[in-house]
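The following pair of complexes shares a single chain, chain A, combined with chain B in the former and chain C in the latter.
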Partner chain A sequence: MRPRKLLRIARWEATKGVGGFDRGAVAVIVAAATFVLAVGFVGITGGVALEDGIYRVGVAEDSGYHDPVAEDPAFVAVDPDPDAIEGGRIVDDRYDLYIEDRPSGARIYLAESGGEPTGKSRAALAALRQSIDRYNDRRMFEEPNGTAAFPVVVTIRYVERGGTETVAIGEAGGDGENGTETGSERDGNGTGSGGSDAEGRQEPSDGAGGTSSGGDSADGTDGRIGAPSLGAFDLFGTDETAGTPSDIQPPFPFQSLVLAFLFVLPLNFLIQAYGSSMLSERLDRRGELLLVAPVDRSDIVLGKTLPYVLVSVAITVVIVGVLWALGGEAGALSVLAVVPLSLLFLATTFLGAMFARSFKELTFVTVTITTVLTSYAFVPAIFAETSPVAFVSPLTLVIKDLTAASVTPGQFAFATGPPTLVAAICFLFGFGVYREEDLFTQRAIPHKVLDALASRIHRPRSVACVVVLLVPFVFVAELLVVVVLFALPVAVSIPLVFVSIAVIEELAKGLPIYAGFVHARYGRSLPVTLAVGAAAGVGFFLAEKVTLAVQLVGLPGSRVADAAFQTGLGSADPTVVALLAFAPLGLHVLTSTLSALGASRGRSTFVVGLVSAVLVHLAYNVAVVSRLV
Partner chain B sequence: MSRRTIARRELQSLSREKTILLALLIQLVIAAFSSFLVVGLTSIYEPDAAEDDVVVGVTGEEADELVTAAAAVDGLQTRRYDGSVRAAFDRNEIQAIATVERRGGRIVVDVEAPQSSLQKTLVVVQLRAALEELERAERSERNARLSFEPLPLPPSVDASPYFGFSYTVLVPLLVFLPVFISGAVVVDSIAEEIERGTLELLRVTPATLVEIVEGKAGVMAALVPLQVLFWIGLLELNGIAIANVAAIVTFASAVAVVAVVFAAALALSVPVRQRAQLSYSLGLLAAFAAAALLPEHPATTVALLAIDSATATTYAHLGAAVVAAVGFAGVLRVWVEGFDPETLG
Partner chain C sequence: MIDVRNLRKEYGGFVAVEDSTFSVADGEVFGIIGPNGAGKTTTLKTLAGLLEPTAGSVEIDGRAADSRETRRLLGFLPEESPLYEEMTALSYLRFFADLYDVPRDVADERIADALEQLELDHRDRAIGDMSKGMKRKVAIARSLVNDPDVLVYDEPASGLDPLTTNYVIEFTKELAAEGRTVVFSAHNLYHVEEVCDRVAIMNEGRIVAQGPLEELRDQYGRTEYHVFTTVEVPGAVAEDGRYRQIVETMDGVERVREAARENGGKLDDLRTVEPTLEGLFLDIAESGGRDEERSADPTEV
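For the complex of A and B:
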């Protein structure tokens, strides 16, 4: 690798098409500007109300229930037609709910089908209940007598079990005024702390958008309800909230959702441009000129990738800067955490562009990458506030950074290590197919995958190296499985984890073996087959032991994680730990030999061998691990 | 005639590369991902999804008030404590501490919830339900001092928490994803012919440029209603009843025509795939966001049709979409007829 050549290729890639300011560039800029304007405008005007008018409620104008129905966009108030009610049931399909006012109180009818209330009318009633509750609260803010309107004041603090007492709140004593400045110093929404403006009034909480609600209750004489940031969209999270019961916002991972989109969305556009550029090298043999030039393949690939890496870093810096200006305590850590993620996006797109046969196929590959990697970044980060499993995703580091929480070097390595490794290995395999035979021909994707794997295999024992290279993929895939299944009940998640783990691990060992046979890197005799199987098993075993770091760093005490990584650290018995340390060696050698025996005879027998390997693996997991741990 | 040949060739290449299967699979994954998010997130705070009751330790002079109110909340247990409440919290016997005092004419509740616990959202949700119950009880005691009497709440019923999501997010997602992908494939298909230089070859055949473009765009637009029907069938199998299927399919087809016309026009005027594809996806997302300016967002139109709450506005949007589709297709034909293919690179 020569930096000078690499940089020159990077400059070519970056300045491609910039010289002439062509129609394409104008179109992209216009589209991007329209996009930003449209999203910004819709964001300012309150977003898209998806639930607009999905439930139809028959309610009279003079009914007490008319206002709450009319004020909630999810409902359409329909004029009630007395004929619609017959024998205590709605017989008119214009109504989902029908409110009939009687002197003794209102009566609500639900639309029925087959004698049972429909799912829609029940959902409508549940929504109506919430809506009336919010309406009551809104009316209460107008009451002159604050104590009667809001007789209950709640303060919520989040404390560690058995830990030290957290900072005491500013409780002011006997006059009913309670901690108003709490938690506001880290509040990024510019929410004023309440308590001083006697006429202020609380916005109805809508859970979205950056509405500021430095509000306060109506009564200035006999006590106030200080409610810093309660109804507001609390991007950076506070440790403590206070207010009326309905002001309580349950801790909910909104910030993760927003951040994921903020950081991941630009990457999706970036990989689209990058994928197009890499694939267009393969059209009409355009890349051949560079390929025959005296430069290394890695220089070409990395040089063409570098501008996109820089752009992704620049975008991240801008986002972090904006968040910082908004009051987040984001800094270099956020940028460092997003870089592995963008490398992962680019590396997988590079492999995709190498494998795809046409732009159409590339589009689907890009969408697949987007979906899978977004879930990888996104799902774990949801648990950022609640569980160490969140450190699977680098985005969790960003959230921690924004909330000024500390991150240990171990956690940093745990979150960024696997994606960086996977990105590096994707590029490594990509170099293997960055050659004339693969670039300019129309080979099917599975063949190219085998090509990429086989390019690193030269003799039976190099299968072990390829398997080792695949272990980071296995690791990331298994982490993803753990995270996806983590929220389910243990009775469902553990069996599913066992099955997925067995499939993932056997594929990682079996595919390189098969690739070697297909490319005739070694003979098909029995001794060779056994040697290849043993090499794959040993390679996998050694690399897998690295995953012990999982338990040490990230996931203590998570039963699902223990099932996935079988470290045995969940139990205290040293013999169990020792047994679990070496039993897998036998297992991996056995199962990969099964795959190898199948692979040596052809494709259909390979599938048979692989399936039996998965079954043996599964039986081992169920029998040994679940009995001991 | 040549239009049909072009379309058949397009379909063959799609099925040879198995992209159609991949497309369906991706849409399924995206739908599953969003459903997983909602189901997973709901399980964080939905009391019905929890295996065990939340147990809260209650202490303080007015503890009885909260205990009484909490009795009305399902899945929430309260335990009275006098001194040892923190020890019980530390021993993990209770999931939260509520200290209830009366101060200045109000009931002041101090809640301590666990910082690191997956259950903390559920704990807070359940406590909020109890506290709201307490608030209602206290309010009705002080009714005389209020000018507005709070409306009585309807009874709580057993309703699916995902009902609204299924119709307002899942159905529109599955209707608009095929539209989006179809347009992207049209961009790819036309840009690839131009970049590979095979458009020249196509043009020496009896097919005119209009026929080539319409064949390519038409087949992708025609695939949209098929995919939408497939998704509707799948949703029905999952117990999500979809009303007005014909209207939804018509709407999806109309929007698809608009999208592929936009895609085809872009691919011809920006004959570099990278630029055309970026402009297409940014432009379509911009249009989708800007559609919020319409009286009814297209996603809402689909949701209202599917949930059977369609109004006259909904049908007006449906009609407008069909008119727009016909108009756009006509404009594209006129524009392509006057287009000089020699300007393509």
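For the complex of A and C:
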């Protein structure tokens, strides 16, 4: 790789248009910037207020109801006109509700139609009730003596499952200093609020387990209900809000997610321009002359990619700047978190552009990439406040940054490492097919995939290297499976995990083996076939062990993750841990050999071999892992 | 010096070039002709370092064709002109000069010379707005920005109008006259005859004949004698009030003259028809290089 050439190509890619900067890139930047400004502003200022001013209420300024109405944007306070009420009914269509204060109490009239209250006036009345409740709560919080306002205070803190945190339940806590310790560590006999799994085993408590005096809450609040933020009312999810017990909901970083979406959306625009540029090199054969020039293929690819990486970083910095200017907490962590995601989007798009035969196919590819990677970014991030599984996605780091929460180096590495590695490997495979023979031939996508795999295979043992390169893909795919399934009941999630893992891992081992046979990288004799199968199995086994270390950092204590990665960490028995550490070697060599035996005889027999391998793997999961994990 | 030894190139299971061996001396103009699918383009792309030989070797000045050093001294012109149409001719040529590490001032001088030689005035116009002939000239100029010692041109006049075609062929001759080594393929055999010192004829992936044009004529071609008589003789065909007999030797001519005299007539005209490259090509291609199956082209010269 030669940086000077790389930068020259990068500059050319960015400015090859007659007018200087490439028009496509400029369009992407303008569209992204416009979107960011619009959504950022709307998001931070509380969202699009579709309900603003939809109900008109006749209420006097000296009425006790005036302030609740005036403070709720859904209402418009209209001066009451006594002539608007005739015969106990509203006769003036300026009002949806009319509040008449009387010495005996207020009377509220609803606009009618055909002698019945209109739907709108009923909705207005319901909204008014909620508004009054919220108004009353606000007034109560303004009381200097919290005990007088809220004689009973419950503080809830959400903690990780499996922890021994206690929750504080206070009674008449008052100032928080006069409570009495009454709690005890839970004894693990199922008396806490943790549930039991399908096997009757006690799940770790989700926090209940002891009691203590009410006022001694962890955050030192003076008795407010510690319900987690409801994003719509809490700009960045950092402050607690209060409410009645019915208001308490699981923590869901709604507004942070919406803002985090800002960081991902421009990437979808960007990969369209990038994929189009890469594919046009192939379809018009324009890339041919670059290949003749004294430039490395990696320089060409990375040079063409670099402007898009820089644009994505620039857009991210702009978003951070906008959010920061509007009072948000976004900072460098958000930028560092988005870069791996950006690399992943670009790398997969590059590989897709190498495989697609037309812009139509490229559209299909980019839509698939957008869908899969957006899911990969968002689904885990939903659990940012509740589960370490959220750190599967770099977007969780953005959410943490937006909420000013701390992130450990291990969490950062766990969130950004796998996507960065997968991106690097995508580029590596792409370099392999960035040559005359592959760029300008119109082969179906499955054949191109095999070409890319075979480009790194030269002899039986190099199958092991390719399988090792695929392990990060396997790891990311398995993380996604974990994220999707971990919230389901164990009785459902574990079998599904077993099936998914068997299919993913056997494909990762079987496809390189098959690609090598298709491209005649080695012979089809039995000894060679057995050697290929063994190489793939050993390679996969060794690389898979790396995931053990990663799981130690990222997903401790998750049964679904333990089942997926089969590390035995869920077991306290060292024999089980040791068995699960080495038994997969036999499994992977056996199943790889089954795939190799099938692949050596042709496509249909490869399918048979692969299916056999999956079934054996599944049987192993059911027979061994489910008993030991 | 270009040295190709036992070149074999496979695409999947398809053999595009098989056991091809030839060499091109410095300053020589070497043409490769053959029908579609004969393996010409594959051979040229292997020379340009774009394709890796399945077997055999391709060396230029003792180095592998795909080495960076070799690519630096080579100018390649593919059959199509895959230009970046959103760029101007000048920025396009400067970009490629940069890739070849040509200093900007030298590059600008070379580009100016090339465009002047090619009579291309619209250097600041977007390539997409140019005619096909102008684009071809830009592509040729691009192949010259690194001042290459070796030019590999694949169908340089493909798809151009006769005027531009003639211009491109003449320009290629000028490049050859400057001492550059030129290897090029063409469908139009007239162009090959015009430019080449030696030719190779390819068919179905193999070189079926190669050598200087005169040698090929001597080896594979046959001179025909068209003998016109005033009276009919055995085997003659009536033509414009005369009778034409085609023979391949001067003895045959004498026999026809004797026969005409015996029939009361005389030899009216004698024309010598030399074999053209096209005739040679067709004959050799059809016979796969087997000498006994060829015949001369009857076209008059």
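Everything that follows uses one rule, which is that the second predicted complex is superposed on the first by the 399 of 629 C-alpha atoms of A that agree within 3 Å, B and C clash if a C-alpha of one lies under 4 Å from a C-alpha of the other, contacts with A are read in each partner's own complex, and residues count from 1 in each chain.
In the analysis below, a contact is a pair of C-beta atoms (placed from the backbone, for glycine too) under 8 Å apart; a residue touches a chain by one contact, two chains touch by 3 or more.
As the structure is a prediction and not an experimental result, all values here were calculated from the model.
Answer with first, second, both or neither: which of chain B and chain C does A:Leu290 touch in the superposed model?
second
Is A:Trp12 contacted by the first partner chain B, the second partner chain C, both or neither?
Once the two structures are laid over each other on A, A:Trp12 reaches chain C alone.
Applying the document's definition of touch, where does A:Glu437 land relative to chain B and chain C: first, second, both, or neither?
second
Is A:Ser277 contacted by the first partner chain B, the second partner chain C, both or neither?
Touch status of A:Ser277: first partner only.
Once chain A of both complexes is superposed, is A:Gly87 in touch with chain B (first), chain C (second), both, or neither?
neither
Thinking of the overlay built on chain A, is A:Gly105 touched by chain B (first), by chain C (second), by both, or by neither?
A:Gly105 sits against chain B, while chain C stays out of touch.
Give one of first, second, both or neither to describe whether A:Gly114 is in contact with chain B, with chain C, with both, or with none.
neither
Chain B or chain C: which reaches more residues on chain A?
Residues of chain A touched, chain B against chain C: more for B.
In the superposed view, which residues of chain A touch chain B and also chain C?
17, 23, 284
Can you check the complex and tell me which residues of chain A touch chain B?
17, 23-25, 27-28, 30-32, 34-35, 37-39, 41-42, 45, 47-56, 64-65, 68, 74, 76, 93, 96, 105-106, 108, 117, 119-120, 122-123, 125-129, 132-133, 135-136, 139-140, 142-145, 147-163, 174-176, 178, 222-223, 244-246, 248, 250-253, 269, 272-273, 276-277, 279-280, 283-284, 357-364, 367-368, 371-372, 374-375, 379, 382-383, 386-387, 484, 487, 489
Under the definition above, what is the set of chain C residues touching chain A in their complex?
Listed in rising order, the residues are 11, 45, 48-52, 68-69, 71-72, 74, 76, 78, 80, 82-84, 86-88, 91, 95-96, 98-101, 126, 142.
State the interface residues of chain A toward chain C in the complex, per the touch definition above.
5, 8-9, 12, 16-18, 22-23, 284-295, 435-437, 441
Help me check something: in the complex, which residues belonging to chain B touch chain A?
Contact set of chain B toward chain A: 13-14, 17, 19, 22-23, 26, 29-30, 33, 36-37, 40-41, 43-45, 51, 89-90, 92, 103-118, 120-121, 124-125, 127-128, 131-132, 134-135, 138-139, 141-142, 145-148, 150-160, 163-164, 167-169, 172, 181, 184-185, 187-189, 191-192, 195-197, 266, 269-283, 285-287, 289-290, 292, 296-297, 299-300, 303-304, 307-309, 311.
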